[in-house]
Amino acid sequence: MGRFTSFTAALFIALMATAPLFLNAYYIDVLNSIGLYALLALSLNLILGEAGLFNMGHAAFYAMGAYTAAILNTRYQIPILWTLPLSGLVAGLFALAIARPVVHLRGDYLLIVTIGIGEIVRIALINDVFGITGGANGVFGISRPDFFGFVIRQPQHFYYLIWGFVALSIFLFLRLKQSRFGRALNYLREDEIAAEGSGVNTAYYKLAVFGLGAAWAGMAGTLFAAKMTIISPESFSFWESVVLFMIVILGGAGNMAGVLLASFLVIGLPELFREFSSARMLVFGLVMMVMMVVRPQGLLPARGR
Amino acid sequence: MPATWRSFPFNLNYPGGFVEEFLQQLTNGLAVGGIYALIALGYTMVYGVLKLINFAHGDLFTYGAYLGLTLLTSLALTDRLGFFMGVLVLALMVMGLVAVLGAILERAAYRPLRGSPRLSAVVSALGASIFLQNTLMLIYGARFQVYPDNILPVASLDLFGLQIPLMRVLIVLASVVMMVALYLFIQKTKIGAAIRAAAIDQGAARLMGIDVNRVILLVFLLGPALGGAAGLMVGLYYGQINFTMGWVYGMKAFTAAILGGIGNIPGAMVGGLLLGVVEAMGAAYLSIAWKDAIAFCVLILILIVRPTGLLGERVADKV
Amino acid sequence: MDLLTLHHLTKTFGGLTAVKDVSFSVDQGAVVGLIGPNGAGKTTVFNLITGQYRSDQGEITFAGARLNGLRTHRIITLGIARTFQNIRLFQQLTVLENVLAGCHYRMRSGILGAMLRLPAQQREEREAMERALQELEFVGLGQQASTVAKNLAYGDQRRLEIARALATQPRLLILDEPAGGMNEQETGALIGLIGRIQARGVTVLLIEHDMRLVMRACEKLVVLEYGGKIAEGPPDQVRCDPRVIEAYLGADDET
C-alpha cells in the first residue's frame, strides 16, 4: 500500500469510528443503509468482481438470509444474531443448489438466469411458499438483537453492528484475495480455459464463490431483518439486484475500496437529495451513464486495468 | 402487467367449455407472444452486432406505448382516417419516433463505451433505462395511463364459431407481418447481409468494406421501431400502461431472445411466441399467481438441456 | 518407454474432419515435434490430449492412465502441462500471480485457511511463492515478477506461459508454436530453454512452423496433413520424405 492509500484508509476508519459522535440520527440511519449495501456489494464483488460471473439476482440470496433469520426468530424465538451463521448457511446452500445446473452457462446467459432466479424467489415469497413467509405482507415482529444482554435498538448501536461487520468482512476478504482461493477466482475471470489448463478446477470455484458470496449476502439479510424488525418481498426486488450490480461495476470490479466508495455514492447521494424526490432518480440514471462513459473501468479500477 | 382487462375479460365462463377456453388462451398467448417476439428482436439484433444487452430497450418499448397514447388522443387520427388507417398511421409515427430515440440512445450511452469492458456498457444501459423511465414519470405521473376506450372497437371476430377479440387478431397479424418483413429484409437484401456479416465478425465485415457504424445505427433504428410498435400494441390490447412496464416486458422479451438463442433472429421470434403461449397456458391452467415466474422457469429448464438456446448454434470454443 | 500414446484418434467438427485416425507415441524424456501445414489439425491434437475437446474415436494414454473423458484440470494434475498457440495469460494479473496458477493444484488450503491464516496455509503460500520465482528465474523472467502480464513484450509472454506450465511440475510439456512471433535471437534462446527443460527430465511435445528450431530441438517428428498422419521419424529422414516435401511445397504455393 502506498503512503497516500494508507493515509486515506486511516482517515476513513477514524471518521467512520467517530461518526455517531457528530452526526444526528437521520444521517446515522443513512450510513446504516450504506453499510448494508456495502456489505451486500462486497459479497457480490466476490462473484462478479473477483470471479467475473455475471450475477444480477443477488437479492435472492439476501432474501433467503433475511427470511431464514426472521422465521427462526419469530417462530422459534431464536435470538436474531444467533441466526447469523444459519442464515448464511441456508443462503449459501440455496445458492449451491440453484447455481449447480446453470453456473457453466456463458456470461449473458448466466445473467438472465440469475435475474430469473431473483424473480422466482421474490414471487415465491409473495405466494407464501410452505406457508411460512407471510405472503406479500412478509414477516413482522422480529425481535431486537441482543448483544450479550445489551439490546441494540438505536441507530448508532446498529451503526456499530453493521459497520463492524463490514470491517470484519473487508479484513477477511482481503486475506482471501491474497490466497490460493482468491487467486483462483481471478484466474477464472481472466481466462477460464487457461485456468483449467493450469490445473484449476474451474467448475468447483464457480460454485464455491457463488456459495460464499450468497452466504455473506444471507448474513447481511439477517442484519437487515434485525434492523427493520419487519421484512417483506418488496425489499428484495430486481431493483436491489440492479443497484448492487451497478455499485460493483461503478466502483471498479474487484476493488473493495472502489466498491465501498460506490456504495456511498449510489446509496448516499440519492438519500441526501430527498427534497428533489421527483427528479432525483432521473438524475441518478443520467449520472450512472455519464460516470461509465467518463470512467469505463470504474471509479477505482482494480490494479492493472 | 395490469391485472385488469378492459375490453375482453380473461376469465369468462366460456360456453364452449374446455376446447373453446383452450383456443382462447392459445390465441391470447400468440398475441402476447407476438409482442414479446417484437421486443426480443431488438435485443437480439443489438446483441448480435455489439454483444451488448441493451437494458434500456424495454423502456423504448414503454415510450412506444406512451407516444401512442399521446398521439392517439391529441391527433384524433382514428376520427379523421377511420379505425384501420388511423391505427396504421399512428403505428408508423410511433415506430419512427421510437427509432429516432433508439439512435440517440446509441449515440449517448453506448457508442462512447465501445471497446470498454462489457459490463460498463451494461451499467450505462441500466442508467439509461432508469433515466428514460423517470423522464416518463415526470411527464405523465406515476399512475397507470389509460387508452381511451371509445376509440377502439370492442368487436370480436367469428372464427369457425370461436369469438376472438378483433384487437387480438390484429395484433397477431401485425406482429407476424412485421416479423416476416424483417426476416426477408435480413435474408434477402444487401443491407440485411451486411447486418448478418457484422454479427458474425465485425472485423472481417469491416475488411469487406461494410460500414459497421452504419450497421449499428440501423440495428438501433430497426430494433426500437419494432419495440415501439410492441408498446403501442400493449396499449391497444390491455388499455392500461405504466412507466415501469418496460422492465417486466423487457425481461420477458430478453428471456425469449435467450430462449431462442441470443443473436439469432428466427430464434427471437420462436422464443417470443413460445413464451407467450406457455405463459398464457400456465397462468390459465397452473396458477395465475405464479404467472411472472413461468417464463424464467421455462428458460432455466431449456438452458439446462440446451445451453445455447433453442436455435443457438452449439460451437466448441476454439482454443 | 512410451509416456504418451495416441491410438487412432479422430475428431470432427460438423462436416470437417480435423483429425483423422492419428496414432503416435512420445517417449519418456524425448523432444518430439508435431508439424504440418496450416489447418492440418495439430492444435486440435493438443486440445484432444489436454481434454479441451473430446475425441470422437480413439484413445489417449499417459503413463498408463487413459485420458479420454477426463476434465482438463484432472489431466493437468496427472502431469501434462501446456501452452497455447494464441497466448492465454491472465492479462490483468502480475507475472508472479500467473505462475502461481501452475502451483495451484499442488496446494490444499481453501477459504477458511485463507481467512484464518492458518500456519499450514502460510507455509504453503511461501513454498508456492518460492517455486514460482524459481520457474521465473528458469525462463529468465526473474526481474519481472511484479509486472502486469499484459505489459510484457511478446516473446516474454510466451516464456511466461512456459513458466506457468512448468510450475505444475509436469512430466510432459506440450508447447503450441512456442516460437510464434519471436525474432531470431529469441528463437535461439528458446531452443536453449527447451534443452534445459529436457535436461530437467521433462518430456516435450511441440508444434512449430520454424523448421530450424524443429530440426535442432527435436529427436522425432510427426507430420500431419489434412488431419491425417503422413510421416513420422527422425528429422533427417522426415525432411527427405517425398510426401512431406509435397505437403509443404503445396502449402507454400498458397502462402
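Labels for the chains are A, B and C, by order of writing; each one numbers its residues from 1.
One rule holds in what follows: a residue touches a chain if its C-beta (ideal position, glycine included) is under 8 Å from a C-beta of that chain, and two chains touch if they have at least 3 such contacts.
Since this is a predicted model, take the numbers as computed values, not measurements.
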Most central chain, Cα average position: A
Chains linked by the largest number of contacting C-beta pairs: A-B
Distance from chain C to chain A - Cα centre to Cα centre, in angstrom: 41
Chain A and chain B: spacing of chain centres that average the CA atoms, whole Å: 32
Distance between the centres, which are taken as Cα means, of chain C and chain B, whole angstrom: 49
Sites on chain C at which at least two other chains make contact: 52, 84
Residues within chain B bordering two or more other chains: 319
Touching two or more other chains - residues of chain A: 193, 305
Footprint of chain A on chain B - complex, ascending: 47, 53, 108-109, 112-113, 116-124, 126-135, 137-138, 247, 251, 254-255, 258, 262, 287, 289-290, 292-293, 295-297, 299-300, 303-304, 307-309, 317, 319
Contacting residues of chain A [partner chain C, same complex]: 172, 175-176, 178-184, 186-187, 190-191, 193-203, 208, 212, 302-305
Touching residues (chain side chain C, partner chain A) in the complex: 50, 52, 71-73, 76-77, 81-82, 84, 88-94, 97, 100-102, 104-105, 107, 109-111, 113-115, 117, 121, 124-125, 128, 148, 150, 164-165, 168
Interfacial residue positions of chain A with respect to chain B in the complex: 48, 54, 101-102, 104-109, 111-113, 115-117, 119-120, 123-124, 126-127, 193, 238, 242, 245-246, 249-250, 253, 278-279, 281-282, 284-293, 296-298, 305
